[in-house]
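Look for subunit A in each of the two complexes below; its partner is subunit B in the first and subunit C in the second.
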Partner chain A sequence: MTERYPGYDVLSKRWSASWNAQTRRVIDARLAVPREPRFFSAAEWRTLNAVCDRIMPQPTDRPAVPLAAYVDQKMAEDLQDGYRYAELPPQGEAWQRGLQALDAEALEAHGDRFDTLAPTVQDALLTLMQQGSMTGAAWAGMPPKLFFAHRILPDITHAYYAHPISWNEIGFGGPASPRGYVRMGLDRRDPWEAVEAKPGDEAAARRKNQNVR
Partner chain B sequence: MSRATAVATSGLAVLGAVALVLGERSNTAPQIRSNPIDPGAAVRAARRMNRAAGIIAASVLADSAVEHYRGSFHNKAMVAPLVTSLLSLAVSIHGHTDKRPVAHWVRDTVYAAAALTGLAGTGFHIFNVTKKPGGFSWQNLFYQAPIGAPAALTLSGAMGFLAERVRDTPPGTSPTIAGLPAGPAVALATSLGLMGTVGEAGLLHFRGAYHDPFMYLPVTVPPLAAALIGAAAIGQTHRRRPWTRFWLRATAVLGFAGSGFHAIGIARNMGGWRNWTQNLLNGPPLPAPPSFTGLALVGLAALGLMEDHPDD
Partner chain C sequence: MSGDPFAAPRAVDGRAPDVFKEGGWIPMRQYGEDEIVDFVVVGTGAGGGPLIHGLAEGGFSVVGFDAGPYFRPLEEFASDEQAQNNLYWTDERIVDGANPLTMGGKNSGKAVGGSTVHFAMVSLRFRPEWFKSRSLLGYGADWPLDWREMWTYYGKAERALSISGPVSYPWGPKRPRYPYRSHELNGAAELLARGAEAMGIGWTATPLATVSAPHGQSPPCVYRGFCRFGCSTNAKQSQLVTFIPRAIAAGAEIRDLAMVGQVEMGPDGRATGVHYIREGRWRFQRARNVVVAGYAIETPRLLLASATATFPDGLANGSGLVGRNLMTQSNQAVFGVMEQEVRWNKGPPSLAITEHWNYDDRKDFAGGYCWMAQGPLPVEWVTVQTGARGLWGQALRDEMMKYNHQVGLKMVGEMLPDERNRVTLADETDQYGLRIARVTYSWGDNDKALIQHALGQMQTSLEAVGATDIFRQEDDTNHLAGTARMGFDRANSVVNSDCRSWDIPNLWVCDGSIFPTTGGVNPSLTITAIAMRTADRIKALAACGEL
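Right, the complex of A and B next:
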């Protein structure tokens, strides 16, 4: 995959005017998220990791964003969205029940745990969930379709874009605090923003991105 | 008002007062004379106006440098005010040191160019506002290129140009501008310039919701000075005008104090002065207020002219 923002590393702002002690604390905490589950059981954790790999497959030539760890953190620390669908139980309970039900569906259909199945088979099961076609008793009345659309998708994608690696990928400047943006017009760039490479102009973009502070 | 605010304000007020005293240093106390005409009076008034034009030019130079850097010099023409205000500042210093009673063609050329650049800039800024979605709306007047800002460059050039006309006075005659007595003409120009600058400050302080009571100062003190110097322009010349002088001096001090207030405003933004690369651009414009000082000094020069040449 060609880089859209070559040479851009949002973490290079760490000691610049863009960040202060509070910014550094927040980012450090985010990078230091525990890689072992605090909320999920070992079985749920394996299933969760397998689901994350299918929902948000990641390149192998760079460290992966710890998606499952962020979902576990959100449940362990009870960081809620502020709203929830009435048909879904509270987020932690929904995740536990959904992962157990998915595993039960895998065992029922394929005789094996979800995380041990081939990616295409996993995708087929997730598609069934997305379509709301799963009817196993383990769902206990929770609609699989809603669980897919309002727990699996947002919790995993939000986790993905909470990490500096994905910020570099999309040229996001990171926390705009204490330094914000001053050039607000369309297509205007502050010197501390990432430069998007135009075809044939990658070298210039790389040079400018290495000066982003 | 916090202690820091009080200290900073009074410090700047003292600075402004010192600047005024220094500005007055070479002058004799204004006296009402009828005859003979003091041959040095015209040059003295012209040099006062050179200094005033220089202060406005310095304010424009710093302000346009910051704001056009913020605009990334998106249009090549955005360097024009930097060049012309720098030149205007240079010839103003030259005019301050020059005691000859004749105009200098380089100063004349630079001042005229600065005035015309300011007019062109006003045109550009108006065009920029009109081409934005919404055209002439409060939103665009607040957040697009400031319409009033280039006028300060015009004022620097125009006041400098008038300074050359005042200076270019044969000994024994009273200075005139286009056949009109110079004192009232300069006084009128000062009054109009102050009004325009008040309009700009009023618009932007309204945008800032007058969140600090001191933000009312530039829409109260300078308008009073503008009214008084305007009245002096159309009134009798052979009168002492201590109140006009007082309010013009207050306006001059306010110009410097305004930068002090703006410095406090920058400090109040997140990260304060440590985050100056953000807040110098994002906060209140540090170099803008001294335009008031420059205009007030022109007004004081006009008062001096009218007192030195009471029979015009």
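Right, the complex of A and C next:
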């Protein structure tokens, strides 16, 4: 895979003036998320992991962000959003019912559990859910479309883009207090920001990124 | 480190946290529960904060309650989107209607300082005509306030919050220059300016409540860009670092982690105090006056939940309007990709603004809107990509890679009051055992027309600066207003121009709930200005024995 910000590691700024103590504490805690489920059953956990792999596919040449673990943490610790669509049950119940219903749909359509299906087949099922075209009894009145839009998408993608690995990928500066930024205008980069590789210039970008502190 | 702000109240034992010093404390007067204080104020945000301060300075005994914790910004505000969710009101609320509202971080804070702890600091004045929008512009409802008096209070609020803004403002009647110089533009703001100039409409640096030069113990803004969260340097002039410490110095008491669940009524039809839960126990504070300042969801929730045999439909609800005419503001956006590196996360997200369509009436719908430059951080940005475009999988990852080249314009638009948009009590209860709010919202035809107009204008602006891959975020909303509207008579409003309820003479409402209309600008400065006015009015009423 061609990286857009080769060699950039936001964690190299951990002891710089861009990170204060409270930020180090919360990022450390994030990186130490428990990898085993506390909320989901073994079957739900298998399905959840398979869903995460399709919603946010990750490259194999670096450690993966443990997305299912963050979803489990949100449910286990009941970290709420502050609102809930009237047609949806509370978030934990929504996830359990939704994962079970997805498995039931997989069995019904393909004779097997969701996590055992080929990626293209999984994607097709998720697309049906996104479109609201699933009608299995296991949904028990919960609209699949709302579950997809308000639980699956935000809970998984927020976990990914709250993780430093994703910040490296998109060239986000990450934590920035107390140093902040100085060069504000278009096409201006502070030396503690990621360098984007221009075509044919990846080595120079990598070298500069390795000096980002 | 000073422990967990959620574990136990901090404003106890005659002191409160000194937000400007790590581990520091400031002395705080405290009142006994048996003591009848002059005022209890429920909520410490943009409405509660200035009022608590003004009343304390006026010599009244005041206790301000907040359900949220008393944060120490320098030690506890991390540079992190997800960790900072702890500033929001994340207790469950049920949303329904044709256009259910997104709550939580979009509009609801739960902390001493309220939503101003996480607000993006945009500090704008209403267009004068909006205070008489029914008479002058033909929609909504008139306010029982005169814009000229409001102009004076806006000036006071801008000085109290050390607003950084331009020397001359392009729209509306003359106003003084802002107390602090405007902030420099970032790339995203430069593009707003270029787009506006290409379209032949005005733009300016946005007046912001973050200081551009030192003020007191606040250092100038360092442009770290985590402005929709807690400010870790205290450059942001939230209530937590402005009116609240000033109020405590003037003799007010603040009670953190203190959720008020009921206003108690006496047999004479006057409020006698509030029931609140703190440290796991329900308590009662006696008071001569009760001010509800919980914003447009919690304020009607408390008034409705305090119903008695005499007031079966809730307090101050003789008009039947408590909880009704809930308004949000349209917060749609248009985004695109630039050839250049924009790096829009640097600096406050809304450094430039155009209010052109708040002041130009050549349009076929009621109300106005502004738009501002954008700088969402990654979690907020992926919410746009998934919400507006439904992206996931590799397509989502590919789009997110363009982060540093994205540019965007986001509106704050006026939605019209509609009695069907409302807050009611659901049967579910929360962790305090209190019935949670049900928030019902549907856009009207005028709202939809305004949004489409704005989307078209913003798209034209982005096209003019050469943005590509343009897409629209059609479904976002943000601030709240209404639900306890101010008016001219008891049949058509909940409170009068002094924010005093028509039905119960010692019950007041002082927050965005009292807005009869919401205008096309962010509401916090107007809430603050009205709170400062209300404090003055209460002092004046007391002086002539009319409290």
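To be clear about the criterion, the second predicted complex is superposed on the first by the 213 of 213 C-alpha atoms of A that agree within 3 Å, B and C clash if a C-alpha of one lies under 4 Å from a C-alpha of the other, contacts with A are read in each partner's own complex, and residues count from 1 in each chain.
Convention: a residue touches a chain if its C-beta (ideal position, glycine included) is under 8 Å from a C-beta of that chain, and two chains touch if they have at least 3 such contacts.
Note that the structure is a prediction, hence the values are computed from the model and not measured.
Colleague: Report clash or fit for the pair subunit B and subunit C bound to subunit A in the combined superposed model.
Modeller: Because the two structures are overlaid on the shared chain, the partners are seen to clash.
Colleague: Which partner does A:79 contact after superposing on A: first (subunit B), second (subunit C), both, neither?
Modeller: So A:79 only meets subunit C here.
Colleague: Looking at A:179, would you say it contacts subunit B, subunit C, both, or neither? Reply first, second, both or neither.
Modeller: In the superposed model, A:179 contacts both subunit B and subunit C.
Colleague: Just checking: does A:96 make contact with subunit B only, subunit C only, both, or neither of them? Give me first, second, both or neither.
Modeller: The answer is neither, since A:96 touches no partner chain.
Colleague: I want to verify the contact counts: of subunit B and subunit C, which reaches more residues of subunit A?
Modeller: Touched residues of subunit A are more numerous for C.
Colleague: Figure out whether A:210 sits in contact with subunit B (first) or subunit C (second), or with both, or with neither.
Modeller: Touch partners of A:210: none, neither subunit B nor subunit C.
Colleague: Return first, second, both or neither, reflecting whether A:12 touches subunit B, subunit C, both chains, or no partner chain.
Modeller: neither
Colleague: In the overlay, answer first, second, both or neither for which of subunit B and subunit C A:20 touches.
Modeller: Touch status of A:20: both partners.
Colleague: Please identify the positions on subunit A that touch both subunit B and subunit C, taking each partner from its own complex.
Modeller: Looking at subunit A, the two contact sets intersect at 20, 177-180, 182-184, 188-189.
Colleague: Give every residue of subunit C touching subunit A within the complex, in rising order.
Modeller: The contact residues of subunit C facing subunit A are 1, 75-83, 85, 88-96, 100-105, 108, 184-187, 190-191, 221-226, 232-233, 338, 340-343, 345-347, 377-379, 381-383, 385-387, 390, 392-394, 396-397, 400-401, 403-404, 438-439.
Colleague: Where on subunit A is subunit C touching in the complex?
Modeller: Answer in residue numbers: 4, 18-23, 25-27, 30, 54-57, 79-87, 90, 123, 126, 130, 149, 153-154, 157-158, 160-162, 166-167, 169-190, 193-194, 196.
Colleague: Taking the complex as given, what residues does subunit A use to touch subunit B?
Modeller: 17, 20, 177-180, 182-184, 188-189
Colleague: What residues of subunit B sit close enough to touch subunit A in their complex?
Modeller: Checking each residue of subunit B against subunit A gives 70-72, 74, 143, 270-271, 274-278, 281-282.
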